[in-house]
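Across the two complexes that follow, subunit A remains constant while its partner is subunit B and subsequently subunit C.
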Partner chain A sequence: MRLAIIGTGAVGASVAELAGEYGHTVTALADSRSAVTDDSGIDVEAALARKREDGRVGSGDPADALDAAYDCLVEATPTTLGDAQPGYDHVRAAFERDRDVVLANKGPVAERYADVRELERESEGRLRFEATVGGAMPVLSTIEDCGPAHVTGIRGVLNGTANFVLSRMAVEGLGYEHVLAEAQDLGVAEADPSFDVEGTDAALKCVIVANVLAQGEREYTLADADVEGIADIPTSALRLASEDGRTVRLIGEVVDGSVRVGPRIVPSTSSLAVSGTENIVQIETANAGRLNVSGRGAGGPETASAVLADVRRLESGTRD
Partner chain B sequence: MSETHEPNTYTIRLELVDEPGELLRALRPIGEKGGNLLSIFHERGDKTPRGHIPVEVDLEATPERYEAIVDELRSEGINVIQAGTERYSESLTVLLSGDLVDTGLSDTLTRIRENTNITISDFELSAPQGSSDISSGRLRLGIEEGETERTLSVLREIADEKDLQVIEPLYEGGV
Partner chain C sequence: MRLAIIGTGAVGASVAELAGEYGHTVTALADSRSAVTDDSGIDVEAALARKREDGRVGSGDPADALDAAYDCLVEATPTTLGDAQPGYDHVRAAFERDRDVVLANKGPVAERYADVRELERESEGRLRFEATVGGAMPVLSTIEDCGPAHVTGIRGVLNGTANFVLSRMAVEGLGYEHVLAEAQDLGVAEADPSFDVEGTDAALKCVIVANVLAQGEREYTLADADVEGIADIPTSALRLASEDGRTVRLIGEVVDGSVRVGPRIVPSTSSLAVSGTENIVQIETANAGRLNVSGRGAGGPETASAVLADVRRLESGTRD
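Coming up: the complex of A and B.
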């Protein structure tokens, strides 16, 4: 497939780098200030080198990428809350041209799910967004394969940064601020970690799952989620839990139409007690029992692999 | 097939004579009759008017084994003040954190007891920075089946009022 990639952060750049290996051609690549397009395929390496050197992938206008020749738009700009812009406009532009859309950006499906599905209905293009929930982990495709009507709920550890902080605090007996600073030094946490440690990121992923499970009966946004973060958890609480054979994890749950994210006590032996930046999602199904999907919930190449799996599904013609 | 039931959690309240070896003597039948001891709440400083020490024991056993344990305790001459009338089929562990001590720890526990149909089977406090700073407590409650959500909502309410954080358990089976 010919791919237009909008966004050249860790995920967008990795999709561009790996596209050839997966049998696709990148015909357009854009960052927030520039674009490079070529109907026969751009020189990805040169564009990313230029990005590193002078902060732009090319000399074109970002809008050029949306007008370029492509079969599938990969939207990998940062997740924004509220109106999900500019991601939403990118999705609209692609659907208006009857192109397929693969999202790595959580905003459009977490904040404007009904609008995005409406755009898709009016278009020949199709929407996929595996990478938005659990990075490399096949969470949404597993739900799709089971059939959303046969999934009774999900729960899981959906944010690697928060999990890293909690598991380090518990194991090393260190305080929250200390471990967070360490996570920032290691590049596990962002300079502004609030999105992760306040539970917002995990909540957006749960909202996306809730939208999928609701099958259009109801639309969910962040405002529907009950969200609590991990910043106020003292090390002493983790020690008390551990003395009792338990631990605390930031758990996201979608059950009976409600979305909840917060620190919860789980047995240390539970499969939900993953450590470090590992993620896990448990999918409860009506006929197949519980399915556990675990793995890398973030990272450039990891998340790009989920984007490219979506592209492959679109290419093989599976309509969801 | 004489034992067809799943194990339940039970709370037994005992009054022990304040003599060495009494607690051990009271616990022996539990193990011998196939019960699984979960926790002991031993209020040594809080004697009954008769000068006895109240002890609350949580254990897990099938209903048949539980009956045998209570019979054995009674035949050993141990004063069983409450058993069988309350059956706590579930045990709920929560963590509390915040300014637990200054907001009145015993008031918090008393209110939890008074506003819910539970028994507090274990409480452990950790106050590494001293009593005037952030501390944590681990609370194990015996609750009746189906009472989890109501118990948690009472806990949340009390914690909210005292600006404490409650970390609730996750039920993996319930989805």
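Coming up: the complex of A and C.
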């Protein structure tokens, strides 16, 4: 497939770099200020080098990417809340041209799910968004394969930054501020870590799952989630828990139509007590009991691999 | 889709019972001695009741099922080795009529993979076989979504009976024969448990994965697997291991083109140290690190759920 990639952060850049390996051609690449397009395929290396040196991937207008010759748009701009712009407009532009859309950006499917599904219905293009929930872990594809009607809920650790901080606090007995600073030094937490440590990122992923499970009966947005982060957990709580064979993790869940994210006490032996930046999702099914998937929930190549899995699924959905 | 189901053991019966819930119609159901067919859909309950009472699902010849009006054949007869018959003939009959095939029977894809792929190439019908590896766990679908070229290997606990026995031996300090008898009483092990405890079942699953990863470059059969079972593990070995924070599990792996099944010492905290009949597979990928999937690897409804996920994937592979 020919891919138009909007966004040149870790994910967009990785998709661009890996596309060839997966048999696809990048015909457009855009950042917030520029774009480079070529119907026969751009020079990805050169474009990313330009980005590193000049701050721009190309000399064209960003909108050129939306007008380029492509089969599938990859939307990998930063997640925005509320109106989910400009990501939402990029999705609409692709669907208006009957092109497929693969999202890494959570905004459109967390905050405007019904609108996006309506755009899809009115288009020949199809939407996929595996990368928005759990990076490379097969969460949405497993729910899709089971059939959303046969999935009764999910629970899991869906943010690696928050989990790293909590598991380090538990192991080292150090305070939150200290471990957060360590995480920032390691590049595991951002300069502004609030999205991660306040639970917003995990909540957006749960909201997306809730929208999928609801199958159009109800629409969820971030406002429907009950969210508590990790900033108020004292080291003493972790120490007490550990004396009882337990620990604390930031757990997100979609159960009985509710979306909740918050610190929970779990047994230290629980599969939910993952360490470091690892993520895990428990998928409760009607006929197959509990399925667990775990792995790296974030990262450039990891998330790109989920994007490219979606592109593959779109390709094989076409009869030759 | 209209399903013709061959096999009325736990899996075939569950597929027949659940088909309606997933939007499909069972137009044929056969056991080894009889069949019942109805182009508008058989009465599954009545057929299974007849099976329980008379030992036969219907009054027709088993071959009637292969001639019935159906879109997808579900082959759920017992796994056989070598020539993989009669399962192989059932697969061929379906492909000769350009029908799709979903396997729960491991034989054709473990022992005659190249032959089966050749039949598929010469047919309009398509083959899927998620249920043959790990029951409801999304193993083959995850490998397919990553792209087999991007999966470097797998490792895991792929047989619930063997794992139950080992984990009970470790927990209870009881001997192999004692725990095996307990497993048989519980219905976790069969009267003839050799397929499970000798590692054959786990090996067949690994051989199937090896065939998928090889992408036609090489064909594997059970004979290519290096297999060792659990019958020679003394309780003392488990006790020694546990004093060192370790335990023993029957691990199957496909690594560097080799297929091996045997008892391995693993840390007690390892994700491989699953308990009871739980299964787990670690999938090593080129771009996304290690993905883990775990859950119930066997059981009627569990395996049926994997069969029905394959039917769903076949359905959505068709452009409307």
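Remarks
As a convention for this text, the second predicted complex is superposed on the first by the 317 of 320 C-alpha atoms of A that agree within 3 Å, B and C clash if a C-alpha of one lies under 4 Å from a C-alpha of the other, contacts with A are read in each partner's own complex, and residues count from 1 in each chain.
Criterion: contacts are C-beta pairs under 8 Å (C-beta built on N, C-alpha and C of every residue); 3 or more make two chains touch, one makes a residue touch a chain.
On a predicted model such as this, the values are computed, not experimentally measured, just so you know.
In the superposition on chain A, A:I265 contacts subunit B only, with no contact to subunit C. Put simply, more of the residues of subunit A are touched by C, taking subunit B and subunit C as the two choices.
In the superposition on chain A, A:D232 makes contact with subunit B only, not with subunit C.
In the superposition on chain A, contact of A:C146 is made with subunit C only, not with subunit B.
In the superposition on chain A, A:G135 makes contact with subunit C only, while subunit B stays out of contact range. After overlaying the two complexes on the shared chain, residue contacts for A:E284 are found with subunit B alone; subunit C is out of touch.
Under the contact criterion defined above, no residue of subunit A touches both subunit B in one complex and subunit C in the other.
Per the touch definition, subunit A reaches subunit B in the complex via residues 152-153, 155, 232-237, 239-241, 243-244, 246, 248-249, 251, 253, 255, 262-266, 270, 272, 282, 284.
Those residues of subunit B whose C-beta lies close enough to touch subunit A in the complex are 93-97, 124, 126-128, 134-138, 140, 165, 167-170, 172, 174-175.
Across the interface of their complex, subunit A is touched by residues 18, 21-22, 130, 135-138, 141-142, 144-147, 150, 271, 285, 287-296, 299, 301-302, 304-306, 308-309, 312-313, 316-319 of subunit C.
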